[in-house]
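Here come two complexes built around chain A, the first alongside chain B, the second alongside chain C.
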Partner chain A sequence: MSNKKTLAFYAASGCGGCSQSLMLSPSLAAMLEGVDIAFWATQGADLTSDDISGFDDKGIDVLIYAGPLHDESSIDTAKLLRRKAKRIVSYGACAHLGGLCGLTNVYPGAQLRALSKTDGEGFVQPLSAVIDVDYILPGCPPPEAMVTRMVEELFLSDDVPEIGTVFASSKGVCAECGREHVRNPLTAIRRFHTDPPDPSVCLIDQGYICLGPVTRGGCEAVCLRSNRPCTGCAGPVAGVLDQGGAILHALASLVSFSGDGNEEKEHQVLDSIPDVVGTAYKYSAASSLLKKRVNDGK
Partner chain B sequence: MSRIGVFVCHCGMNIEETVDTRLVAKTLKEYPGVVHAEDYDYMCSEIGQQKIREAIVEHNLDGVVVASCTPNMHQETFRNAAEEAGLNRYRLEVANIREQVSWVHSDRQVATEKAIRMARAAVEKVRGDDDLEPIAVEHETRCLVIGGGISGIQAAVDVANSGHEVILVEKDPSIGGHMAQLSVTFPTLDCAQCILTPRMVEASRHPNIELLTYSEVVKVAGFMGNYEVTIRKNPTYVDTDKCNLCDKCSEVCPVSVKEEFNEGLSERKAIYLPFEQAIPSSYVLDENACLGVKPIRCGLCQDVCDVGAIDYDMAPEMITQKVGAIIVATGYDLYDPSHLTEYGGGKYPDVVTSLQFERMVHPSGPMKGQLRRPSDGRPVKRIAFVHCAGSRDPGRHNPYCSRICCTYTAKQALLFKKGVPDGVGSVFYIDIRTDGKGYEEFAQGIISGKRIRYIRGKVAKVVDEGDHLTAWGADTLSGKRMEIDVDLVVLAMAMVPSEGTAELAKTLHINVDENGFLKEAHPKLRPVETTTAGVFIAGTAQGPKDIPDSVAQGSAAAAKAIAILAADKLSHSPEVAAVNEELCSGCGICATVCPYDAIKIERSGIAVVNDILCFGCGICAASCPAGAIEVKNERHMQIEEMIGVALGSEK
Partner chain C sequence: MASNVIALIPHFDEVVLTDNNKLAARVAIPQTGDGFSSYMRGRLAEDLPLYVQRLDTHCAVSQHLAAVSALDRCYGASPPEKAVRIRRALAYAGVYYHHLEQLFLSRPSGDVGIAGLVTTDETLAPTDIFETLGRARDVIDILGGRGITPECGIAGGVTKGPTDDELPRAKDISSHLLEFALQAEKGFRGSGAIWVTEHDLSVPAYSLGTVNDVAEASLYDGALRIVDPEGTETAVGGTKEILPILLAWKEDLPLRVGPLARLNVGSGASTPQAKALQKYLFDALGEPPIDRVAAGHWAMVIELVESAELLVSALTTLETGDSVINSALNDPCEGIAAIEGASGTLLHHYVIDEQGIVQEARIVSPESLRATEVNAALSSAISDGASGVTEGVIEQIVSVIGSYQPAYVPSAAFPLRITLHDKGGKVAKEWRRP
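For the complex of A and B:
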């Protein structure tokens, strides 16, 4: 056995984008040079509990864990993996926040079962809700700049990153966006498919919903540079508990800034936000203060 | 560990009646971090203040909470006392247990519990307070007065007399405002112009007053003591200094339009003198009416002008000035009579507004004081005066009382009877409100003289019968329906904020009330101040009022402005917003929502607060989605702690 670090990759479920993001990263080669690979399970089904049990406790130096927790078995596996790994990187939005899958929590169980034709309870949780997580690499999928940073700090540097390190900026995406600010009240919500935005001006100032202010940067604002809004995949900025709540209260402040004091009009603007939860909590519903919808609201 | 003192005020029985202040003090004494607590009759008294001073020294307090009336009343009193005893003044907080507890609750037990929680919340705030020092600010010594009516003139003259320079901006070609249009003023019946014009002359001749007529304020930047204002001076196309008032230009001008000064009852030319006593005393070319200043010029007026005063190439001028204080006295307009369709307002020429009637009875008005029907010129023998035309009519028109209409209608009825002794005047009223000094005696004298018929009731409809009008109404005292034929209907029109008030308010970052009038900072105690420091309001722009009240407010606003202009340095509260550079991503939301324009996103990509512009309102802190901006001594942590204990969590 060499004295290389042992690396494992485990994707509980999900779309496969996390695995792809690693595979496509230019820093992959540098990372692989310094490690022995214990396993690389791009689907949870690739690996059984027995397979995992075969490893010594703390026998894996670094485990990269992707995907959400959605049922008892995924929780059990996560706990087992925690025993086997010295350090766990919560990789991608699903592990970090619950991700897109977390939006299932918005549906009460019965409705969800009818929709999905399964008998699951459909309660999605982020990895950190069940086990201690050492590092977080946010993003859906993690953007190249952040992957590179993780590889450098975790595999190429002699220093061990501090527990709790998030391989992203503590500041919002706005810090990297570079669009111009025009002081503008929010008088109507504009949408991309009907009304293309000016690529040089802040989207929020133009009336589009952008989660840049509440979302960790480190992605070099890739979406904004493609004239698309930030949808919040990197999760809340440092110091913010509830990403969706933070953007919604900011939008509410901007609406009332219009200053004519017409509350009815302000409500109309806010009510016109399409799919509020799906927009404001696109990736973070499962880790938000919303928790889970417990009845059908009737 | 903090060492906080708590003082609970009885406010005589104001608080004590509903709140067990002794129990509040006793309970607070047990609260973590509190080393001294006591209750007293009047904390604002000298004895009460002495208690604060002594406790600070004796217990070496590092924070003080006074549970008393609103901080608007005595926070400064208590902070001064604390400062005298060596405590930083920003480490004293007031818990409002009067307006927010004793005055709004009746259950003593519940009120006492609430007072305890509010006092605890204030302790939590004090615990997080830092020492702060007021910010000293240099300032300009000049004053801007917007609006050249009687209120603005009064303000300008008062400020100028205190030795400070004044820029008086008026959007019309002459100062004077509506008062210049009036016939006589109630209740003394002296000629309005005779008392107004000396003031106009004084304003125009005053060495400290720069008059900018035909001008508008388009931009205001800065803050109390340091405003930079941009004024657009519209071209009059006539050189004021050269114009010798010969009237030749007006004689040859081929264009006639309705004359504003006579409320449309007469016509003027496109080049005209606003009115005889206009200041500045000069003709003005109305570019909207003129056949074409450019590109096609009729040029007749320039041809006949002997002194070469007419300059078609005059351009709008942008003037930037620095001022320390701003007084807004932009006055009123009459409510548009065409809203009153049931009276044929704006449709029947013989249904006139109160201001039109003022011009009709004015000796030098369009009818030389001889009352004639605008439609056919026949003498007016019968008039129906209609009170509350557009006032006191919530839902349909304006909900408020315009205050002066009852008294001026009495005056107008009197003038009518004076001019037409055999005329029949009928006044329809809801009730008579004559609130000024001498007004009640004046109006009652006219009413009890019985030469005018006062009918309690509203006019439902006015019908144009060709050679006369018929007013349908009801006398609610006799219960009879009324149908009277008249030659003229005079509508006592509601006063509304002058055109452009809302836009100007936005430019100045001041508020308007639900009726569009400029809003004062406090309806009782700060009637001429606004929530923007250094901007004051006066006259009817603030709400309907009569001449003496407008003049008084002009003087009051001037006194407030002078206090700023004459100060050595201005002091600004240090309780302002501060940015956490570690968290700020420069999203700009704070800069957008800041009502004072105090935040800029700097090139560094971080929000930067101009302390002097900031009033610590906290809108930025509440809207920042990253929690990156907080008001000093109102930090999120403090607020969370305060909410926690207010909701009953135990320490």
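For the complex of A and C:
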């Protein structure tokens, strides 16, 4: 009998990016040498609930779960998988936070049902809202460095990672960015497509909205290296519950005009933040304190 | 106008089989037009390239670039030539990545197993395939700022150019990619080509694709062209000319998009080695237009070589440096753009308000266009209703879908449902692939 760990990969739905990020990891070959594959749901054989039920309870050593939960069926499957797996990794932004699909929660029900990715009630939830999750690998899709860390700690090391481990930095993206801080007060919100930034200076210091301060690092600030702001795909830094609330709080604290009587100006700057939900909660709407839009009857 | 444009979240779908004396089947593609637009309404225009590529990351580069092209039009932007060259190189890298993944890693369905066929060439080890796919991803990372989901696209240009260190590395990698593609094509010709010739399901269809200035197939931009099943041109032009035709397309008229369609709409491949290799396909199946369904796999293998050749050539034209943006933008308005995506022609249509906020965002995807051809293939393959709904019928359906799988991108990532209805319309059986 093989003494290898049993690995399963399950993608609830989604764009396929999580599966690709795992398959393209340079450490994949080493990982596969040390495991027996129970199933690989997006690339392997057809898989039904009956198939999953056929596994012994706790018969799968590690299950990597990607994709959001969006209906009763996906919730039932997640619960079934929880029974079958000793350890579950919440892999990628959709499983971790609800991901971009979570933005559908802010629409009224009729519009939700028109979105083909969210059939049924269309209420998107992260995996941890339904079952206990042992580990988290953030990112949309998870960057190579984080995937490598997960593989090494989970499959190539003799030590078992502590339950609750997030295979990312506990610090923010800012710690990896390297842009110069000029500490300018925030007096206007700028949009980078109409008003390109200085590539060497902190985007927030230039007036752009960047979620770097409130987002877990470990990605080597990949988006900022492309002169794009961090959009928060790795979720909130350790200790922060609501990523969107945290960035809005941070921005509010930076708005400043010299002299007295400028409260109105400060409000104007904050009111000018466009698409607050899509900007501050792009990936985390489903796991935020906002939860979902309530139909107000209007 | 906006409400008439087909929109699709490329979520693969449902095959419905109706037992009505004669069996029939169809692929149901959601075309409500409202779902994705509702989702995007109120979002930032500059975020569109980020959202759309996550609809389907197998085609992420194509979606990203289509979004950027549409935003150029919304803002009346004129990207500098340097930025256009970076986008073009990125597009070729994206086609290579997509084709390699689809040919080797997509889950075969039914009796279709192109990966198995190609890898009968013992010189192509699975580790080579993963390594090469990773290298293609690295080129996307260099040119697009992030592998799998690029970040660089912006109205008027790109936010990132390759650095002094990155450009030579990309060139080295592209040489490897070409070498690998040639090896894969050789392996395919040894075994996969036999499989293609043995699978004789044919669907005469119109073909839609993009052609360059000399009427060769284009893998990025150019004129849209439609030819009929005999190869006669029925339409040519830009989105203004072609989009109305597509919107009025009749469901019973098969339309082909993707690698085989690209061979059919023009005078063939645009690069020397791909031109030479397509002759083997023509020798086996005849000159274009080719209507053999399984030939789509062969055309994709040829395009693997072509995209690598184009990438090698495009990289020689690039310069290093930071962002390349012409930020002289007009007030935003409506914009429509088409690019030749990896899996077929792709059209994006946006309406942006004066604050740079999305009001409408609609996509005409290869999957929605291709549905007419898949339905015709299903009708051809499933004709015997005497035994009713049987496991054999399911296998037939799966086999047809499998024939399109390498080009039928979302089917690899999304659930497939086959719902079987009895004569009374009740659901007799449901088969589901997670």
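The rule we apply is simple: the second predicted complex is superposed on the first by the 277 of 298 C-alpha atoms of A that agree within 3 Å, B and C clash if a C-alpha of one lies under 4 Å from a C-alpha of the other, contacts with A are read in each partner's own complex, and residues count from 1 in each chain.
Going forward, contacts are C-beta pairs under 8 Å (C-beta built on N, C-alpha and C of every residue); 3 or more make two chains touch, one makes a residue touch a chain.
Computed from a predicted model, the values in this text were never measured in an experiment.
Visitor: Should the superposition on chain A be reported as showing a clash between chain B and chain C, or a fit?
Guide: In the arrangement built by aligning on chain A, the partners chain C and chain B fit side by side.
Visitor: Applying the touch criterion given at the start, work out whether A:Asp36 contacts chain B, chain C, both or neither, answering first, second, both or neither.
Guide: After superposing on A, A:Asp36 lies clear of both chain B and chain C.
Visitor: May I ask you to decide whether A:Glu153 touches chain B, chain C, both, or neither, giving the answer as first, second, both or neither?
Guide: neither
Visitor: Tell me which partner A:Asp71 touches in the superposition: chain B (first), chain C (second), both or neither.
Guide: In the superposed model, A:Asp71 contacts neither chain B nor chain C.
Visitor: Identify the partner contact of A:Val237: answer first if only chain B is touched, second if only chain C is, both if each is, neither if none is.
Guide: Only chain B; A:Val237 stays clear of chain C.
Visitor: Go through the superposed model and pick first if A:Met23 touches only chain B, second if only chain C, both, or neither.
Guide: It touches chain C, and chain B stays clear.
Visitor: Just to be sure I read the superposition right, which of the two partners does A:Pro185 touch: chain B = first, chain C = second, or both, or neither?
Guide: The answer is first: A:Pro185 touches chain B but not chain C.
Visitor: Applying the document's definition of touch, where does A:Glu220 land relative to chain B and chain C: first, second, both, or neither?
Guide: neither
Visitor: Using the superposition described at the top, determine whether chain B or chain C touches more residues of chain A.
Guide: Looking at chain B versus chain C, the one contacting more residues of chain A is C.
Visitor: Would you give the minimum C-alpha distance from chain B to chain C, in Å, for the three-chain superposition?
Guide: Across the overlay, chain B reaches chain C at a minimum of 22 Å between C-alpha atoms.
Visitor: Which residues form the common part of the chain A surface touched by chain B and by chain C?
Guide: Residues common to the chain A contacts of chain C and of chain B do not exist here, since the sets are disjoint.
Visitor: For chain B, which residues count as touching chain A in their complex?
Guide: Interface residues on the chain B side: 506, 582-589, 591-593, 595, 601, 605, 619, 622-628.
Visitor: In their shared complex, at which residues does chain A touch chain C?
Guide: Per the stated touch rule, the residues are 10-11, 13-17, 19-21, 23-24, 26, 28-29, 41-44, 46-48, 100, 103-104, 107, 111, 114-117, 140-141, 144, 191-196, 199, 222-223, 225-228, 231, 274-275, 278-279, 282.
Visitor: Note which residues of chain C are touching chain A in the complex, please.
Guide: 9, 11, 30, 32, 34-36, 38-39, 42-47, 50-51, 54-58, 60, 71, 75, 101, 105-107, 127, 130, 133-134, 137, 144-149, 151-152, 154-156, 159-160, 322-323, 325, 327, 329, 355-357, 412-415, 432-434
Visitor: List the residues on chain A that touch chain B in their complex, please.
Guide: So the residues of chain A in touch with chain B come to 170-175, 181, 183-185, 202, 204-205, 212-214, 217, 237-240, 246-247, 249-250, 253-254, 256-257, 259.
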